[in-house]
């Protein structure tokens, strides 16, 4: 399946509010976790049913509803009904192949972004779609698979860190996006480490494996850049969004996100140039090594060519070859040959061909 | 005929309202289909004559007039007269080689875009011009050849999907453009599949066919990009158009189109880079393979050079070559030769030349 | 003489209103043609003297004054006096090497653009400067050489095409610029045809002539792009110009010009990429062909090397070479040689070196 | 550790106001220096404790508080409390890996930028984070290591230079940033010197060391550019900042900074192109040198090939080879050989192969 | 010394109003020339002392003060005092390495730009800093060395050209900048001539000298572009400057400057592409020539290989080689050899290897 763009033929022409899950099911059952807090109180729970969701709509506390697993479309429908969301928004949440985007309604805002995580086992970068729906008092976050990426934020809420407990859903949104973008930086820095380590290897022992590695990294970087660039655009849009849901103070944090995602972008650009330099170094090293071999071998055979010719001359069977009958001819031939060989070696040396 | 830009000498200097069909006739007779609906009623028909078209101008129902086949210019003239369209607009509909554009009048808006479709038979991408004229109550769509691309929209109208039956001609416009752009994504993802599959082939068996394939894909991608880029510009213009014909809600959908067409654009950029990387890998693999061969052959012949020289020495006919007369000279010569050969092999091995 | 920028030392420091013709004289005498029309009347004439020019300044009819040949600077002066044009404007008309530009005064606007035409004889692209001075009732057009490029517009005026006879000087301006830009598209499409035809040739028979052709096309395309790009900028400026001389309706046509000149620009970009791809294909084909030859020849000579060595061995003159005296030695030698040769062929075949 | 982006796994998900020092400790103890001045008075001191810091908050004098060493986070906390700074600001000061940024509050502004200095010993470019907090009457500057970079500014203050003693904290900010950017220019000009000197070396003696040098410079330049580019963005933002803390006159100076940092950017772009040109020259020189050798050797061996063949002919043992028995055959053979050799030399010379 | 950016260590941290001359002294004594004119009167003088400068401050006449030579910093100080200029402005005039910039004060404006001139003797491009200070009634121009670049403007003033004598200091500023930019175009067109002439040489005789020439031109072009680009930015800023010192009419002229400097920019871009194409042609021609040689030589030696082998076979000393004893064996061998050689030649010819 194509990794850079996915579109099924049967998806063409669907209504934008068709609630159909396009991705692959990445976990068995859907997990719905809720954290409900104000500066003084905190309630954590796992919801079995969505009937009670409506209660969190009151504006006094901040509620964070985290849904892991997207394949039960009826959940989407229930949320849409309870919170009066346009069904388009829910359809977007399910459309995990779409580009990071922001859809801004009067009372709620949808934010989607790709999460990149380094999978320690396979060494590959794992991509996952994250959707956030921001309302005045509830923040919904939808993930495809259960994960502990946002655990640090949960910890900060539990430990009653003043800022997050006093902030609204907008600050919580920032906190989640901040983790996503920090993960971009982390993934790039991991890849960067490998790329910079490659450099030494490259100069010492440039074998075929190195080139495959370079090409692998290039592909990973391409994949990274393909996800970071639209995320950057999205964050720019977010930071310029004029929305009642976002308080003045939170915009400062969104600007911080811009800086971080720009840093991710710049770093991936830098590594791209480095990789292309490394390819050049590889080719230079390789071809200069081959040149050395060919030069040596050519010089070597060139030296023997006149010697073999001389031997050929005295292998002829002419009746009258005067040199053949002198007593020391054979030894003189040897002397001449050695002189010629040494002379040529000397000449090649002086011409810096050896 | 040039595939990237078409201009006939005889077309230079025509009046912009000359109704002349520039393309090739792609089907025999013109087919005019109409769907007329409001949230409760639906009427579908094939029109034989255009006399009744005027009736759809009433503002209570939404009418979609789909004209397949553009070579009967009198149809254009009749529509222009009935709906009081500027003849320029009709001329633009016929000018199927033009760039995607928007012409915005007070009561109607022309939107043209290229449709890309994958032709399963030839494996090629087929391009076709689509023109939409958006009025308050009627949407005209003009295609060069009869097709079932918009069938899903017809189905949605028939199945009384609430959103499309309640929407106006502007929402219908979005629905059609959405299909066009989904097809972009689909065509790119098909091409992307092939490109990504090529990769493996490339490392195992880099023969000449691969390079032709890469060049084919490159050309297809070039062609794609050439159509997607101006479409993207057009959609951007559309989403910023201040028109009474487009309701506030529909702009959200137009922004979705922007995201999708940007995704198409990004993906085609990514695949372009991948293809150019593949070309590099191909060349590297090929030249490294050739280098291996040349190195082997050169080393092989270099080993024989001194041996042949030795044999040459003892083929000389000097009267006095002492070595010739010892009993075991011949065997000693063999021994020396084998020693030299093994020594050289050993040397080359140590130098990593073999 | 440099083709991409021209500047004579003696022109440095001239006053911007110096009326000096910089170009080469491209025709002997200056020809002044006038068409004067309103929706109902039409008058065509060739002017011998400019004394009557002033009469066309009345606002009731549209007059188009076409001057072919620029080297009689007194004509410029007379026009400037009659219509109270700033002398800078006339100096600009004479400065045929300048960049396409717009100078907007209260009562008149100067528009200059490069005309590109395909010269059927030489197969080269011919460039010529066109200057238009737009006033309320008179449009001046200045060309370096007599030509029939604008004949279609004259025809349209004569045939009483409603639009052009009802339009003002602004619509006439559009009509002329439209022809200029259609010519861009035509010239590019001609070049594009040649470039696309080259492709086939390239794969079958990549000889040296092809590379010269590619380089020729590249240079032509460079030259084209160098003229199209500033024209595009100029048209953009024109379409955003806030001028009383241009009616609301004409702006729609200027937007059409933007689309067309953008299409010209895009197409020239596409062909540029195609040419650079073709260069790559050429080099790949050529080097892969050379590789095949070298590989064949090397393998061929490598096969003979051990055979020659064996022959050398039995050409030695040792007293005691047992093999020499067996009856069938010679034939055994042949058998060994053939075995070695076949063995090597087989080995090379299996290694895919042949 | 990756040089272009750094992100520790444990830093992901931290609260943006966590005061944790991310860098490496670059000096043992923290040094706090203060200069307090107005046009007439000057007081310089090293602070042991931060208790007195609050006193500088009065608006009559300008105070510059320079903190070298960032690892004592309690200092940050004390400053934040005394001046009522948001803790985010202090966290940013400690986050030495972040991108240059500006955070603008009502009463204070944070400015961070990378300082680049040439380390004379290692010949490497040393990067260090500089943070400035600008308030009405106090300017804080935070550095990672003790340095004398800002000594010239201190001297200017001490020598009672009118402009700096009359300026506020905003002018002082300019003075410090000016030094930072002058250092960019200095570092680039040092690197530029080396690059331009390389050029000559390149044409005379293109050995392997040169290529390593080029690659080193390329990497340094990459690193430079990676720091200069975001600094330029930051300065642009600064010059457009609408802040009460910055007086009208100081904006003129900020525009000067823009020019300087743009010059740094342009120069690094220029050197980048020069380096890539040098790489090309290197490869051209090298391959043309190799070509010369290979051509010479090939021609050399080709000359001997027919000679050795002739000798071979007369080494055959046929019973009836008439030439063998003529008296001067041997000498004629020599004559023929010499003729052939000279003929070939002549031919190759005329074909310009030698 | 680095040619693309200059920064002395000792200049880091200077106050921006330090009057220190950074450049090299390019002439011995400072020359101060004045032209004072109104439409009717003209006075030209060489000033020995600056005491009288103040008199020109009256607003009735236009005065142009041209200072050649910058190393007497006291002159700057006197002017600053007399005209109440900020010392920063004078410091900028002395800072001849800075980027072209505009500093706009209420009553005066500083404009700096690089002048490029072709030095006929060395064939190199000479760069010099030009600073203009524009006040209501006096225009100061500062040059590093005495020159006659502005002589045409002086001539125009003397000859009482209406436009320049009626214009103010703003028109005079345009006249000087126009000369500077015309010189850009002239320098580029000179370089362009050489580059286009190179083309022919390239195809006929591609020797090593050509590549050095290409690299020289590339470096010159790089240097040009490095100066033209910021000049273009500066002119753009100038044309958008809202200043009381510049009359409405003069803006039209500034737009002309934009066109000219853009033309210079475009042309230098075009030549850059041409040069890089030429490099490609050079490499292609060279490598195709080498390929021809290698192919010929390889084919030549391959033909002799089987012949030498055959000779070797009959040089063996086996007792029983039947062929040796037939009467015409030797001649048959020759026949076989000639047949083999002709056969191979034929084969190679048919395969298009020769």
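Each chain gets a letter, A, B, C, D and E, in the order it is written, and its residues are counted from 1.
Rule of thumb we're sticking to: a contact is a pair of C-beta atoms (placed from the backbone, for glycine too) under 8 Å apart; a residue touches a chain by one contact, two chains touch by 3 or more.
Bear in mind that the values here come from a model prediction, so they are computed numbers and not experimental data.
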{"item": "Required minimum of steps from subunit A to subunit D, each step between chains that touch", "value": "1"}
{"item": "Mean-CA-position distance for subunit C and subunit A (Å)", "value": "41"}
{"item": "Mean-CA-position distance for subunit E and subunit D (Å)", "value": "26"}
{"item": "Touching two or more other chains - residue numbers and ranges from subunit B", "value": "294, 298, 301, 308, 312, 315-317, 321"}
{"item": "Chain contact topology (line, ring, star, complete or other)", "value": "ring"}
{"item": "Chain order around the ring, beginning at subunit C and proceeding next to subunit E", "value": "C, E, D, A, B"}
{"item": "Sites on subunit C touched by subunit E in the complex", "value": "1-9, 11-17, 88, 98-99, 101, 103, 208, 211-212, 215, 218-219, 222, 226, 229-230, 279, 283, 286, 290, 293-294, 297-298, 300-301, 304, 307-308, 311-312, 314-317, 321, 323-330, 333"}
{"item": "Residues of subunit C touching subunit B in the complex", "value": "150-153, 155-156, 161, 163-164, 175, 178-179, 182-183, 185-186, 188-190, 192-193, 196, 203, 252-253, 255-256, 259-260, 262-264, 266-267, 270-271, 273-274, 277, 280-281, 284, 288, 291, 294-295, 298-299, 301-302, 305-306, 308-309, 312-313, 315-322, 351, 353"}
